[in-house]
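Letters A, B, C and D name the chains as they come in the text, with residue numbers starting at 1 for each one.
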Amino acid sequence: MPNIAIVYFSGTGHTHLMADAIASGANHVSGTTAELLRITGEQIVNGRWQDDAMLEKLNQADAIIFGSPTYMGGAAGQFKAFIDAASEVWLRQGWKDKLAAGFTHSSSLSGDKQGTLLYLAINASQHSMIWVNVGDMPSFYYGKDDGVNRLGSFMGVMGQSAMDMSGKNAEIDSGDKLTAERLGIRMAEMLQKFKK
Amino acid sequence: MPNIAIVYFSGTGHTHLMADAIASGANHVSGTTAELLRITGEQIVNGRWQDDAMLEKLNQADAIIFGSPTYMGGAAGQFKAFIDAASEVWLRQGWKDKLAAGFTHSSSLSGDKQGTLLYLAINASQHSMIWVNVGDMPSFYYGKDDGVNRLGSFMGVMGQSAMDMSGKNAEIDSGDKLTAERLGIRMAEMLQKFKK
Amino acid sequence: MPNIAIVYFSGTGHTHLMADAIASGANHVSGTTAELLRITGEQIVNGRWQDDAMLEKLNQADAIIFGSPTYMGGAAGQFKAFIDAASEVWLRQGWKDKLAAGFTHSSSLSGDKQGTLLYLAINASQHSMIWVNVGDMPSFYYGKDDGVNRLGSFMGVMGQSAMDMSGKNAEIDSGDKLTAERLGIRMAEMLQKFKK
Amino acid sequence: MPNIAIVYFSGTGHTHLMADAIASGANHVSGTTAELLRITGEQIVNGRWQDDAMLEKLNQADAIIFGSPTYMGGAAGQFKAFIDAASEVWLRQGWKDKLAAGFTHSSSLSGDKQGTLLYLAINASQHSMIWVNVGDMPSFYYGKDDGVNRLGSFMGVMGQSAMDMSGKNAEIDSGDKLTAERLGIRMAEMLQKFKK
């Protein structure tokens, strides 16, 4: 049974909602299970991330979808601490040929989010994973107003919401949510095309 | 008299309007002259760009601002043909220590425009130029609605307009225009701070 | 019969030799045919690339491997002219779900070649292709001296040779050649894993 | 008196040696003082970096040079934790118009180090700093064998040494050391050209 791990950090809750939408999309595809794995600051001691159980779940997954808010034009420090800890997996190429994809969120429309997605793809390339791009054109190109890929992002899904540091009542744009769900569906379908 | 060369390609006219706004901003600063240098497809023969007079103007400039539409997630081929032709200047480091900046335009809000700006900065780094970043926070962070840096771009100015391939009646967003003018002012002021 | 198109520009012949090594690797995998499609400056008129027959071959391919020398920290202008012309394919997403990979060559060890590979991946993402990363760790990490991935590049294959503008007697490093051959093999095997 | 702060993380000591070489170069320029500010894992509690005294020194500096090893194709998690903490400075644009530069180190020749330098420049752009590029061509282009810019990096200085996780007896390449010293000199001289 193909399974998808969605590993992400979320500060204010927006990136969590995007992860949730991706899982929701994937879980609608028969024969797929998606699981949310949320990185927390508490897993980081003296600058180093550790959670062996979470790493083991990632090792067992058929696909890994990576997500982080964009902070200062890059993935969050907490997320990067996780990535660095996974370098032990990298050295033995434990995630080789798994499918991978990415998503990010920030408060500006562009907001240097592309840099975060590029980084997620760079990390996946070091792990010799296969990168699954978004697969959706901005739907407004075809006269639709459902908000699919409204920001015009192709290497991963971008979400954008007005800045809200409180972390309470976080909401994401309906178009971004739909784009995230569709990434989940796409990954589930791609896994079924791909012989292990 | 400090002078600023704005070298750019424009297909549908939007990038031209941004170049024009940058020049307008710079020319309002006393003691500065800004000149538009527009690259055309006709300057390219057998895949190679050539315009010795334009290159000579760039050699004489105190600062160069580079601009291109974002096509397929990168600078336009016509613009890159110009960049490649300038590799002869690069080999003798003829633009070393000139100030540099960049701008781009496309039809999506994010639209992989950051990749184009990163490339413009990479090229300037090879020339050992000094890169002047945008200098404006998104004004909505401070409750303003003048549209300054509305897309949230920092390495260069981004403009966005709905797709219009006709090239007729091109218009740019008033906030993007204002952001471009402010980059022109910023570059002019920066030149006056900088002893040659 | 799965077929792989290798579309590339080469100025001095080094990138051509890398393309040739990739094809050689792919053609050794039973049931695969790889074809070289070399972009030339003569295909560019008034700054626009055109070669309908070549585009049609790309439309028919199961996988496309993109290659360009790194000039001034990015893909060659001639190569970008081809990419821009393929935007008509992009608008109808004609290459969606094809597999893709990339390679580049320059005269410095690092030489900003990563930027070129990132761009090749960005372009493929706009086409909604699936990006196949290199899949080889630097072999020296494991005490081998065969030169596989000697430069440490993961998103695509990098080659490096001392500058030789003559274009005569171009040669590439034996490790880079081996890495390129292995990318060809990898792509052929990946195609066989992937149900259309 | 112009002063340069060099803020960096170093795991095995190589990035520290590069920071030290930059400081040494800068301190040879009359009227300049350079100070090393080393980020440590111990400054990170529950995933968040804090060191108010270090931030205050950065606020006082005329120029900031940022450095991090390249881990998994990006800046170290510990370094990113510092960057994220500095977002409070960003919101009030406290480092606006300071000069900035960057450096990195890893065990492969290319090793995706360019991605780290691009990120350092992106972060500086968000702070509206002025980015000072390397300024040295690879000296082998001119027949020299002093190792200056031997890797061919332009946006910042790259160092490369064989992997040594012990952190004992770290050494860096003599060419990389010289390139780093020259960046320190260049920044000191650039500060003197630049009126505040």
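Methods note: a residue touches a chain if its C-beta (ideal position, glycine included) is under 8 Å from a C-beta of that chain, and two chains touch if they have at least 3 such contacts.
Keep in mind it's a predicted model, so treat the numbers as computed, not measured.
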- Per mean C-alpha coordinates, the chain lying farthest from chain B is A
- Write down the chain pair with more C-beta contact pairs when A-B is set against A-D. A-D
- Task: Could you put a whole-Å number on the gap between the CA centroids of chain A and chain D?
- Result: 30
- Message: Need the CA-centroid distance for the pair chain A / chain B, whole Å please.
- Response: 33
- Message: For chain B, give me the residues that contact two or more of the other chains.
- Response: 73, 112, 115, 118, 122, 125-126, 141, 154-155
- Taking the complex as given, what residues does chain A use to touch chain D? 40-44, 46-49, 71-78, 80-84, 86-87, 90, 112, 115, 118-119, 122-123, 125-126
- Message: Show me the residue ranges of chain B that touch chain A in the complex, using the header's touch definition.
- Response: 73, 106-115, 118, 138, 141, 150-155, 158, 163
- Sort out for me which residues of chain D touch chain B in the complex. 91, 93, 96-97, 118, 121-122, 124-126, 128-137, 141, 154-155, 190, 193-196
